[in-house]
Every structure is written in C-alpha cells, then in structure tokens.
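Which chain is which? They are A, B, C and D, in the order written, and residues in each are numbered from 1.
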Amino acid sequence: MAEQLTQASYVLATILFVFSLRWLNHPKTARRGVGAGVLAMLLGVVGTLFDPHIVSFQWIAVGLVVGTLLGVPLSRVALTAVPQRTALSHAFGGLAAGLVGTAKYFLWLDEGVLTQFRVGAIVVEVILGFLTFTGSLMAAGKLQEIIPTRPITYRNQNLVNLSLLVLAAVCGVVLVARPELWPLYPVIVVLSLLFGVLLIVPIGGADMPTVIALLNAYAGLAAVAMGFVLDNKLLITAGALDGSSGFILAVIMCRAMNRSFTNVLFGAFGQVQTSTATTTQKAYKSATLQDAVQVLENASLVVIVPGYGMAVAQAQHRLRELYDQLTKRGIDVRFAIHPVAGRMPGHMNVLLAEADIPYDHLVEMDDINPEMPRVDVALVIGANDVVNPAARTDRGSPIYGMPIIDADKAKAVFAIKRSTNPGFAGIDNELYFMDNTLMLFGDAKAVTGDLVRELSGQASHR
Amino acid sequence: MAEQLTQASYVLATILFVFSLRWLNHPKTARRGVGAGVLAMLLGVVGTLFDPHIVSFQWIAVGLVVGTLLGVPLSRVALTAVPQRTALSHAFGGLAAGLVGTAKYFLWLDEGVLTQFRVGAIVVEVILGFLTFTGSLMAAGKLQEIIPTRPITYRNQNLVNLSLLVLAAVCGVVLVARPELWPLYPVIVVLSLLFGVLLIVPIGGADMPTVIALLNAYAGLAAVAMGFVLDNKLLITAGALDGSSGFILAVIMCRAMNRSFTNVLFGAFGQVQTSTATTTQKAYKSATLQDAVQVLENASLVVIVPGYGMAVAQAQHRLRELYDQLTKRGIDVRFAIHPVAGRMPGHMNVLLAEADIPYDHLVEMDDINPEMPRVDVALVIGANDVVNPAARTDRGSPIYGMPIIDADKAKAVFAIKRSTNPGFAGIDNELYFMDNTLMLFGDAKAVTGDLVRELSGQASHR
Amino acid sequence: MEMGIEAWSLLLVFVLATFIGFDVIRNVSRLLHTPLMSLTNAISAIAIVGSLLIAGEQKTTFTTVLGTVAVAASMTNIVSGFLITDRMLKMFRKPGERK
Amino acid sequence: MEMGIEAWSLLLVFVLATFIGFDVIRNVSRLLHTPLMSLTNAISAIAIVGSLLIAGEQKTTFTTVLGTVAVAASMTNIVSGFLITDRMLKMFRKPGERK
C-alpha cells in the first residue's frame, strides 16, 4: 500500500513539475507555476517518507529545519545578488548528490551488493556532484567578488584540467570493473573537487552567468544519475527537466553573445579582450541636460535601451519616473530589451518589473528593430555592446554577427554612461561617435534623476 | 544479450518516432521524418524478433507477406481517396489490437496467470480495438459511399449507444473482479463491435474527417493498452504519440468549424442543417468570362481561395495553369488556405502541392486576412462556408464565430461554383449577393480551364 | 487492483510520451496535416510488436491464427501508411523549385 | 556491464523527460529567464528524495551524517529557490496594472 502511495505521488509530482515549467511561458500563469512546483516537491518528499526503509525521522527533521533556516535568508537577498545566490544553491545541490552517492557506495560495499551498473551510476553522480559543488562555490565567490574576478590563466591550463577529468574517469572505469577497490573512491572525489575549482579559475567574473547555467545543467544531471543509483524515476524526470533548462539557457546566452557552443562546453572562455580597443581619439559630442530634455519633449516615440550600467547603478526606479514624466506628455515610450543585456538572461526584465513597469512595455529586440527608423529618440542607459553597430558592420570585431538593438537607426541617440570606457567585450563603440549621438556622461541613476527633475521642473513652470 | 538488444532497439525506436513527427514541422525536413519513422518501425520489429518467446517465424512470415501485398495497392489510391484509406487502416489497427488482447486473455486464462491488472488492461485494449475496428469500417464505407452517407437517426439514439458502452464497461469490471468468468469475454467483444457501428450511424459523411481523427486517437490508445498488457514500453510511447496526434487534429478541426469539444467526444454531430437556408430569392450577379479576364488582367494582387469544390472537380492542375498565366503578366498571386477548407485537415495543401504550386505561395488564413483590403481580386473556387461573412456578423448563424477568410473585404470577388446551392453547413452565403461579387457558374475545373484559355488566347493576340 | 512497480513505470512512460506527443503535434505545420494523419496511422501500426509475439509463440492454433491475422493487418498499415505519406510529401516543392 | 530491464526503463524515462524539458524550456518567455533559473534551481533540489532515504535509513553513523547534511543542503535550495522565484514573479505587473 505504501508502495502504491509513493508511486502515485511520484507520477503526480512529475506531471506537476512539467506544468510548473510550462506555466512560466507567460507572466500571467508564472506564479501558478511556482505553486505547481512547490506541490510537486511536497508530493516527492511525502511520497518518499512512506518508504518502509526509513526507520527514523529524527535526523530528517534536523536536516529539514536547518535547511529552512538557511533557505529563508538566502531568498531575501537583493536582486543584484541573484546570480551568486543561484550559484551557491547549485553548490548545495551538487554537494547533496555527491554525499548521497558516497553513502550509497559504502553501504552497498559493506552489504556486498555493488553491481557494475550501480557503481557506474554512482561514479557519474559523484563526479558531477562534486565538480558542481566546488565549481559553483568558485563561481559564487567570483560573482560576490570574494575571489578575484579576473581570469587566472597559465600555460597548458586546458591540458591540465582535461587530464584531471580523464584521470577521474579512468579511476571510475576501474572501479566499475572492480567495485571492491574502495580506495579509488576517495581519489575520484578529490579529483572531482579539484576539477571543479580549476574549471572556474580561468573564467572571468563577467562570464559567470553562462557558467552558472551550465552548472545548473550539471546539477540536474547529477540528480538524474542519483535516480539511476536509487532506481527512482522522479529523480530522473526532475533532473532531466533541470538539465535541459540549464543547457538551453547556456545555448541562448552563447548565441546572443555570438560564441560557439564548444567554446562553452570546454570552459575556455571569458578572457576579456581589452586589447582590441582602438585608441585613436575620435570626438564624442556631449549634450547638456537642457538640450536633452528639449529633444525628448518634442519626440513622439522614445525607445529606452537599458544595459548592464543601469543594473549596476540601480537606476530602474529613476527610469520609471522618467517613463512617467514622458508618458504624461503623451509621448509613446518603449523599453527595448536585448536578450543578453546585463549579466544574466532576463536581467533587465526583472529590474524593470521591480520598478513596476508593465511587462507589455518591454519589447524584445526582434520586435523593436523594424521600428527603429521611426523612433525619434533612442535613450541608451548603461548599455554598450548590445547597441554596438560593429556587430553588423565590422567583420574584424569580436562581436561581429551578434544580433544587436539598432539604436543607431533612430533619428537621435542619447547615451548615458560614466566615461569613455568600453563595456563587457572591451571594444569601442561607433555609436558614440555618430553625428546624431549625444553623450550624457555620469552615473546612470544620477543622470536619469537629473532628467526627471528637469522635466518635472519644467512641468511646474507651465 | 537478446534482452539487451531488444531494449536498446526499443529506446532508439522511441527517439526516432519522436523525431519522425518533429520533422513534420516543415516540408523541408518532412521526408526525413518518414525515413525516421520507417527506421523506428524496423527497429521495433527486429527488436521484437529477438524475443526468446518467439519459437517459429513461419506464421510471422505469412503475416508479413500478406500485409505487404495488401499494403502496396492501398498506398496507390488517388489522393481524393486518402480519407477512406486512412479509415480502413484504422480498422486494421483496431483489429490487430483486439485480436492480440483476445489471444492473451485466453492464453493467460489457460495458464492461470490472469492478474486483475492484466485483465483490466486487456478489457480496455479490446473495447478500444474492436470499436475502432467496426467504427472505422463504417467511416470508410460512408466516405467511399458504399454505405449511405446521410446520418441515420432515431429516438433515444444517444441513450442506446451510451448504454451499450456502459454495459461493456460493466462486464469489464466484473471480469476484472472475477478473471475466470470467461463467457463474459465474448460479450464484451460483441458489445464493442456493435458500439463501433452504432457510433458512426448517426454521423453524416461530410463529418467523417473529424471522426477519423478521433478513431486515430482510439487506435493509438488501444496500442497503449496493449503495451500495458504486454509490459512493452515501445507500444506505450508510440501509441501515446498517435493518441495525442488524433486528439489534437480533432480539436483543431472542431475549433475551425466552431464546434464544441464535448460535441465531438460524444459523437453527436454531423446533422447537416439544411433547414437554415433562407429561400428569399436575392439577386446574384453573373459575369462573363471576358469580364472576369479583363478584371484579372488589370489586377496587381490576386488571392485565390480554394475549397471543397476545387477538390471535387480536381481543378488543381487548371488552377496551376491559371496561376502561371497570371504571374506571367507580373500579377502577384497567392493562395489563401483555410484550415478546414475541403474535407480533411491540410486537404487544399496536398492538392495544390500535387499541382506543383510551391508551398510558400500557400498562405494561412491568419496571415492573409490583414492583407485582404489591399487585394484587387479574390477568386473563390468551390469554397463556400470558409468565406461566409455570416460567421463574423450573424449571431444566429450556425457557423457564427468560426474564423473565415475575409474574401468579402477584397476590392472585387469572383466566385466559381455550379449552382446556388449551399455548402457543407447548408446555409446561404451573403458573399454571393454583395455588390462587388460576380458569379462564374459552372464546374470548377471547366471554368478555370476556360479562364486559362481566354488568358492565353489574349496573350497570343498581342 | 494493486499495481506493481512495473505498472507504475508504464503509467509514467505513458504520461511522458503524451506530453511529448502534444508538444510535437502542435508544432507540425498546418501545411502537412494530411500527411501527418497518414504518418501517425503508420506509427499506430506499432501494434505489430504484440502481434509478432502472439504469432511467433505458437502456443495454440487459435492464438496463432489471431496473431497471424494481426501481423498481416499491422503490416498492411505499415506499408501503406509510410508509402502514401512519402508519396504525398514528395509533392511539396521547395519555393522556387519547379519540375 | 549488462543492464537489467529496470535500467533500460530508467534510460527511457530519462530520454522522454529530456525531450519534454527541451520543448518546455524553449517555450518559456524570455521575459522570465531569470525566474526560470531560480525555479529550475529549486527543482534540482529533488535530490532531497535520495537524501531523505539515506538520512532515514540510519544504517551507519557515517551515512546518517552524510544524509542529514544532504537533506539540509537540498532543503535550503527548495526553500530559497521557490521563495525567491515567487518574489521575482510578484514584481511582474499585468499591463495596465500599477500598484
């Protein structure tokens, strides 16, 4: 009977997990998706607790309480810290998978019931679990800037890393052949832990979002392997959903950054090419606030292009005020969202949503680009690479071929940034030198605030 | 070892079946989809032949040869006979499922290994299989017009049908409770066969396509049930793909015909409402061929709307010639395809493809409608309901709410049909009485041929 | 009616395959709905798997006859279903491609 | 390494679930990619299922300790993952809807 309940709750949980993700296809149903996910997880846990092998709930209770106590504060972090929270979470997920695999190995070793299939599954689980553990910790450290974010490289780095992984795999194969050779087990664990660290060392902090998506996939695959170890299908379905999600997000990010996929899989990326910045001093045109306000007031269609700088400056609330001021004057204002603007997928959307900007005003790149020639003012706020026309025109540019928002096609462009420094890709941006571009130098939050003050001041003058 | 091969080929076959259907999402990859399907089926068959329970291949060979001999001619039917061929095929599928279930029941009865679960699965398989068998035969008969196509109804029909099904289900439940009560088994079979016949009797021939899609779903579900009986996962995955396909196609047809879904599930449809045709004689305007040709020659954008009449008249090749004549004159010609034009989903597409019209000239309803006001001539060929503006305007009409192709919004409309008779839904069509509509009475093939001759004649005059 | 672990596993496979079916079929081009009907018709002939087992086991004459008929019926669907689908698909020309 | 029937069944489930995963994730709105990352992060905490079994079996002190740590780690992900996802999604206003 207990068996029936467990199985029924697992099947139901699988269905709910699928709906949970499916409902994320629209903001209207997305919160229902979270509900479905919670219910599915609950069913999974309760179904498992019916298992007759569970003899005591004491330590389970301890674990659940500790987890809850840790989880609640972790969910309260600032939105800017979401990437490092996610990374930390992956570390926990990897750890759990690694520990369960380890426990099972030694239990079955004692009981003499280690089959080759079981050992194979355990080895995969443990390698994936422990490399996700240390890799994610490193990623979280770099994002939080506890660990230096710049890529650390040395000669033959890829070779060293690859050898470590191959060594771990070889140990695994031997262990499958001779399951009783238990001293190999800790060797595999240590190699995996080490590999996780070394994998992240050469990758720059700014490239962490792609890495995090991949680690998400690895955590999912570790859960799948655990499912093979424990002969548990819920672990497999949920883990596979997770694995495909991480994988697809990584691919989307790569495409939007015009990186090849192998480039990601082998972790050999993130070396910021600062060298490409040409230092021939061309002329920027600066605008005064008053100029900008005047042009804005006379526009009928304004497109705001936010980027990483907007996120760093936390300028989204000021931007909202600007939006209000402009719409009050009957000006049509849209936000143009590039898929990799900022530092994680969907970064701009979350920040602008936080500032209560209705999501139907956030227009995707492909939908806004055909409109750009009709646009009176494109207001670029802390965005750089995602509006760099070199991606369209300059075959030699490292970002050539990356799809961009065609801000340069608007009738006038204002760009808010602090300096003449390049963005993530480390390259100059022709957009800033164009005839119809005016620079508004300064912090995104401050400048936007000034614009708002100027606009509202004028409003009260009337 | 044989076991390993079987299982491996089953997993591979499942993957290939999924890709087979997935590749149908574009004509470019569609033929590859057929290849994948064939390979999957081959893997399924070969994997099964490894089964150690198979002791002799003699009767298997006989079956395979007979099947091939029957199958090849069945694949050579005219395209107009595709619906009845499909129906006949479903009958064979249902029969196979029913026979296998029957064989298993009596085998296991003899061996005394009938569990409740097995009996339950067999009952579902057999009911679905046999009702699909007779139901599909009836459907094929009506489509081929061997059986009278008009709906045959009598009082309490739905009640009688439902009672039969309930009775079969009750017998099934009793059999599950007491698996050894074998005399119940033939009762279930007979009831299912009878139910299949009675299900189709009240449905008009023109409604058969929807019925066929549903029977497709039933055949798939019968295969799923067979999978539960035989503990075979390939049957389950392939059957489920099939079941969902039939189901979705039925839903699509219902939506496009503005029928409710319960309406379909309970089979209570197809009563052609000839009564609604209002007989107030309004005035049609007839055009001469010369008028029509002149207007066509001066058009710059012509949209051709084909319907069931084009299929009946086999006018697609003439239509191709017309298309050639017009494009030769630099006129932009598109085909507007309504999702339920004709009598089966995708009917127009196949016929026009047969006439070598490139598929990118076939425009879906939703894409052509916004263009209609710009269109100089809408040429309606044997279509009626799918261009009936009553669907947009007349709340009392039986087709009110059904999405249509807005031919009435074109600057001029020519309609080719044989008479003033209504179409499938049995209702008059305002379109024909409109000021800018001219009728070209006659058979679709003949009239189109005349138009082509007139056009090419004129071409040689110059 | 207690369900064994294996039965639950079959149920799970059914649920998963149905999800896939709905997703995949919804993405099939409208253009190809007629070939889709005959392709799924061919796929439903997977019932041949069960038919082969019955016909090949040769336990009793009765079941062998049923099995052989079932094999013939399924094989008919396989052959005609795939052939006619391919015949229809061959007719869909690429844009610009004319015979 | 021979695989039992059960192992093949697990493999099939993995294949099917991966198909579903790819289809479902591809349809997630771009707007919601950040919440998607934290939701799947929460879902990957399904590893709690294995952790519970180890912690509850109490076979040896060693495995109980590992199990309890694993339960705590997974539970942290569940709680923080779902909560933060919901927090983010709450911020997405319907068109026209302002606080």
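Assorted remarks:
We take it that contacts are C-beta pairs under 8 Å (C-beta built on N, C-alpha and C of every residue); 3 or more make two chains touch, one makes a residue touch a chain.
Bear in mind the structure is a predicted one, so any value in this text is a computation, not a measurement.
Annotation: B-C is the more contact-rich of the chain pairs B-C and A-C, by number of C-beta pairs in contact. In this assembly, the chain whose C-alpha centre lies farthest from chain A is B.
The centroid of the Cα atoms in chain B and the matching centroid in chain C are 16 Å apart.
Distance from the chain A centre to the chain C centre is 41 Å, each centre being the mean of its Cα atoms. Chain C and chain D have centres, each the mean of its CA atoms, that are 34 Å apart. Here the spacing of chain A and chain B, counted between their Cα centres, is 45 Å. Among all residues of chain A, those that touch two or more other chains are 14, 18, 233, 237.
Multi-chain contact residues of chain D, defined as those touching 2 or more other chains: 2-3, 9, 12-13, 16-17, 19-20, 24. Every pair of chains meeting the touch criterion is listed here: A-C, A-D, B-C, B-D, C-D. Residues 1-4, 6-7, 10, 13-14, 17-18, 20-22, 24-60, 62-64, 66-99 of chain D are the ones that touch chain A when the two sit in their complex. Residues of chain D touching chain B in their complex: 2-3, 5, 8-9, 11-12, 15-16, 19.
Against chain D, the residues of chain A that register as touching in their complex are 14, 17-18, 20-22, 24-28, 30-31, 33-34, 37-38, 40-41, 44-45, 48-49, 51, 53-57, 59-60, 62-64, 66-68, 70-72, 74-75, 77, 79, 82, 85-86, 89-90, 92-93, 95-97, 99-100, 102-104, 106-107, 110, 116-117, 120, 176, 212-213, 216, 219-220, 222-224, 226-246, 248-249, 252, 337, 339, 344-347, 349-350, 353-354, 356-362, 364. Chain C meets chain D in the complex at residues 9, 12-13, 16-17, 19-20, 23-24.
Of all residues in chain B, those touching chain D in their complex are 3-4, 7-8, 10-11, 14-15, 18, 233, 237.
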